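Labels A, B, C and D are assigned to the chains in the order they are written; within every chain, residues are numbered from 1.
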Amino acid sequence: MTVPAHVLYPPFNIVRLSHIVLSVTDLAASRAFYVDTLGLQVTDEDDKRIFLRAMEERGHHCLVLERGDAGIANELGFKVYDEEHLDKAAAHFKAQGLPVEWIDEPYQGRTFRTRDPQGIPLEFYAAMDRLPPIHQQYTLYRGVKPLRIDHFNCFSPDVRASVEFYNALGFRVTEYTDTEDGKELWAAWMHRKGGVHDIAFTNGRGPRLHHVAFWVPTPLNIIDLLDLMATTGYVSNIERGPGRHGISNAFFLYVRDPDGHRVEIYCSDYQTVDPDHEPIRWDLKDPQRQTLWGAPAPWSWFEEGSVFRGVEPRASKLNATPIVAP
Amino acid sequence: MTVPAHVLYPPFNIVRLSHIVLSVTDLAASRAFYVDTLGLQVTDEDDKRIFLRAMEERGHHCLVLERGDAGIANELGFKVYDEEHLDKAAAHFKAQGLPVEWIDEPYQGRTFRTRDPQGIPLEFYAAMDRLPPIHQQYTLYRGVKPLRIDHFNCFSPDVRASVEFYNALGFRVTEYTDTEDGKELWAAWMHRKGGVHDIAFTNGRGPRLHHVAFWVPTPLNIIDLLDLMATTGYVSNIERGPGRHGISNAFFLYVRDPDGHRVEIYCSDYQTVDPDHEPIRWDLKDPQRQTLWGAPAPWSWFEEGSVFRGVEPRASKLNATPIVAP
Amino acid sequence: MTVPAHVLYPPFNIVRLSHIVLSVTDLAASRAFYVDTLGLQVTDEDDKRIFLRAMEERGHHCLVLERGDAGIANELGFKVYDEEHLDKAAAHFKAQGLPVEWIDEPYQGRTFRTRDPQGIPLEFYAAMDRLPPIHQQYTLYRGVKPLRIDHFNCFSPDVRASVEFYNALGFRVTEYTDTEDGKELWAAWMHRKGGVHDIAFTNGRGPRLHHVAFWVPTPLNIIDLLDLMATTGYVSNIERGPGRHGISNAFFLYVRDPDGHRVEIYCSDYQTVDPDHEPIRWDLKDPQRQTLWGAPAPWSWFEEGSVFRGVEPRASKLNATPIVAP
Amino acid sequence: MTVPAHVLYPPFNIVRLSHIVLSVTDLAASRAFYVDTLGLQVTDEDDKRIFLRAMEERGHHCLVLERGDAGIANELGFKVYDEEHLDKAAAHFKAQGLPVEWIDEPYQGRTFRTRDPQGIPLEFYAAMDRLPPIHQQYTLYRGVKPLRIDHFNCFSPDVRASVEFYNALGFRVTEYTDTEDGKELWAAWMHRKGGVHDIAFTNGRGPRLHHVAFWVPTPLNIIDLLDLMATTGYVSNIERGPGRHGISNAFFLYVRDPDGHRVEIYCSDYQTVDPDHEPIRWDLKDPQRQTLWGAPAPWSWFEEGSVFRGVEPRASKLNATPIVAP
């Protein structure tokens, strides 16, 4: 199939993905992982929540860890252009019959929550507290030196439907995989901010969060993280990599946090700001699309993901067997 | 002073800087420099012109070398969102009393030329021939492995006026330097595509092109280029660096082409897509703004630049002495 | 067990490993691999042999490719201190009842061949033609930018016996693995030149060559090679890695040449020149000894190796099952 | 001139440079520099002395900071092969009429001090307390990730005499510069451990210590250090670099400690273990010998150095004007 054409003039302007809220069962263990090991910076914390930002971010948080009974993925947060666009966004979702709930979120201005048609919880706002820059306070850099949140990746039980929904919001497909018979979408990478993706969808039991990704300076920082994790008790949290993706051309590493939430460490994809940027098609049978260098991903990487708050994952409408597994 | 506020809803959408046309006196010498040494890819050439693109670009050219009698900078090219925006752009410039000339450019769709109020020749288009991706043809990577054109930097005799003009086109200031008395702008970095800049202006005799910059993967590629240039007859073409800029936080190297046109090799700046992204102010007396590590730039770097086609450089309205020189 | 103590005053001075002669079935295919892809430099060639050196070597060759009927490993070459030491070496082997055959080798001075007690063919010389330095001719660097030959690694059917033999020649153990019951040596890394090893032995059907290794500048060069091989038809020649070894702490990649000879690309081990440098003991059950980051090696890596000229591999005296396999 | 031939069979075996003792005026300030900024590890300390080692070293110390009234360079320490060689060394110096004083040094076995003919204080031992390896405790790596001490560099008022003295001890010249008329040695790099140098001498008022150097993993670690120093109050301690030396081909950075002692951060030279390794000759008029990329060193780098304990620097026998200065 061909990928659905993107909408040139979307109804409102989503600037970029912004943040994610993860429920974790042990705040101290998660802090050791995200702060002491990955190197994110704490911007606020109490005994219920920890707010974190990466080194070049000025917004208050890109990751919120919330103490909970289980490792659950909560809202995927997006920043819109301004308050006018926020109202347009709320109107757009309401018109589609999707829920719109205005909430108070600390450090954020006017904010509403909704869900996409697959049930993924979303959060939109225009203004978040801005913090002084720290990207030149080099004494603060630790771990993998995370610079910014880069993207979300979700299992979807209906990738075509997910792509059509986000296309209508102005997300453009940069790369995609179709099924063996060429009739359906298996996976798609979609962006707003000018990289390969702000959000991606892969066929599978869902909706579930596959991973959240952070951008780092160079592949050597990923090697540093591997050395650190391997010698500080986190060797079994290393799931896949390092390697080069065929899709996105990025250098990657996948690690699991103490609750099993998957985090991708990511760098070196490419600029996609042109509105006429052509999507790249990949064949589901091409093993190099996942790892350019040929190494297969482990089974867990195909099968496991974080359940989203309040939505039961469903079987994919396509053959749910990850036929591309190792 | 404070930097002029940027325009939230500009009259048309400039996507990014696109390309530059440089007049050079010896095409073969320039080819040896840009192709064999820097590693740009030839997309077309004859005995009058060479068209080049960088490794991740899909557009036909980011640099056009044109045989001429002298080393002259010609048009700075920009890509707009679509044909409708191109017409809005033409109307905008006409309304300001600026020239608009529709021209035929090979490999580009409808294209017009104009000049900014300082006289810098500009070129706008919406569509350029798209070429198949080569970013995963690793056998083609050479030299410094240039990935894409990143920005232009110009001397302006009136930086405040330049900033106001480009602000009105939707360019946002990310960093700036004001004068010692805090009353005037000395320099400003302005972006459209979400990095630190698509174009920057520095006080000085102008308008002149200070440099055009190319983005590369990591600082190690810049070290590779230095080793290569130093041992292939280009040691005197190395002008400044390597180093880390205070402004932009980028890792940089400045080299001169055979006609003296200055090229910056650049990587590692930061994402600026937020519309409420706050500009960073630098003090003209702070030596770390130019090189975070403290090393001064050579005199030539402050004084020399390429004249633009058909416009005589004028003295700056500010004290033209580069008081910040080494 | 403890590793056998090394001999402080060996009977002669072996300076370092020097070169290897590999029989290959298709010289052109091997040339494409070693020269065009890995980046070794041709120092001489005809239709029967290709002589190669790495970028910082002054000796004429570190690898000789010889056209043959099968992919066979021939001599492992070592350089001794001077002609006097060469004669002492010949006398030493003769006294042990080992064969000593003086031969004429192009580009080498007086040279003899012998075999170690397991049957591995060895070659010793003091003088090899010296070539002008090319390490600062950066235009010649290609592929993985190989700087020098680093080590040999061999399967031995009796690792303890191999270690005792090479200990007596002055090779010092830097790291080793003993068997699960702690009674036998499973593997050992032994050096002369001050790194982790010039030669290593691993338990297995042997003698066979496991791999020859080349030293490269940084892990990023290994990533470059992976990108290049993955996109020039060599993806299936990538066998294992990249990764960090627990043993040696080196960053590694294993690739296979067109005949299946295994080549390790290697960097970042440590200095071992102290005569009282203590060997590091590893547990056979510790998966991090092979890959610090935990990823297992593929089965082929444990099982496959190159047969040495004229010696039939024998089953190991230990349990030959690589119980440590993935 | 040609460099004096090295002695193939020196009277005793010096394994490598080992350590240096620096007098500093403020232990806390020096600790902040060497430990918190460069990343050396404290192995012992009290209110008079701090003992430090680098990450891959097993010996107790490579640097001893001693509280003193002024920034003075004390002993240059060398490790010999064993106690027998230590006695031979003592005998050798006595026979030359040089002082030999046996002393008690903490963490070292039998140790004697002497001076070379120019007056440089030297210290020799065979055994130093060995510590458990920490090179795989990646959580300890900080700053520039120093791996090991690499070399000393001294001003000598008579380079030829210095070279002849150290040649006789088995040090081999790897690279050298002769004077403009080709009649005298201007500088020489001499090694024992198989790299470009354990010690080097440059013409100038002396004897004085020019610098002590530490080996680091890659150029990117040097960039990290520059970023860190530039933003933690040490920007004026950055003296020269980063760059690539012509001589040694190493990547370098020179920084000054709080007392002005110069430290080189160094990586990427080459292996020199062959006894027939040919020295490389450089022309005093070739600016690329100091920085391959052409940038001149600052005046301070040519003029300033640390005085050695108890020896008054003398004018060079050659023209002391550093005619090669910027």
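Everything that follows uses one rule, which is that a contact is a pair of C-beta atoms (placed from the backbone, for glycine too) under 8 Å apart; a residue touches a chain by one contact, two chains touch by 3 or more.
Model, not experiment: these values are computed from the prediction.
When the partners of chain C are compared with those of chain D, the chains appearing in both lists are A, B.
Most remote from chain B, judged by the distance between CA-atom centroids, is C.
Centroids of chain A and chain B (each the mean of its C-alpha atoms) stand 32 Å apart.
For the pair chain A and chain C, the distance between C-alpha centroids works out to 44 Å. With each centre defined as the average position of its C-alpha atoms, the distance from chain B to chain C rounds to 50 Å. Shared interface positions of chain A, defined as residues touching 2 or more other chains, are 136, 218-220, 227, 230-231, 292. Contacts from chain C toward chain A in the complex involve residues 218-220, 223, 226-227, 229-231, 235-236, 238, 242, 244, 251, 288, 292-295. Those residues of chain D lying in contact with chain C across their complex are 8, 15-16, 56, 58-59, 79, 81-82, 127, 130, 133, 135-136, 147-148, 193-194, 217-220, 246, 249, 268, 270-271, 273-278, 280, 292. Chain B contributes residues 136-139, 218, 220, 224, 227-228, 230-232 to its touches with chain C in the complex.
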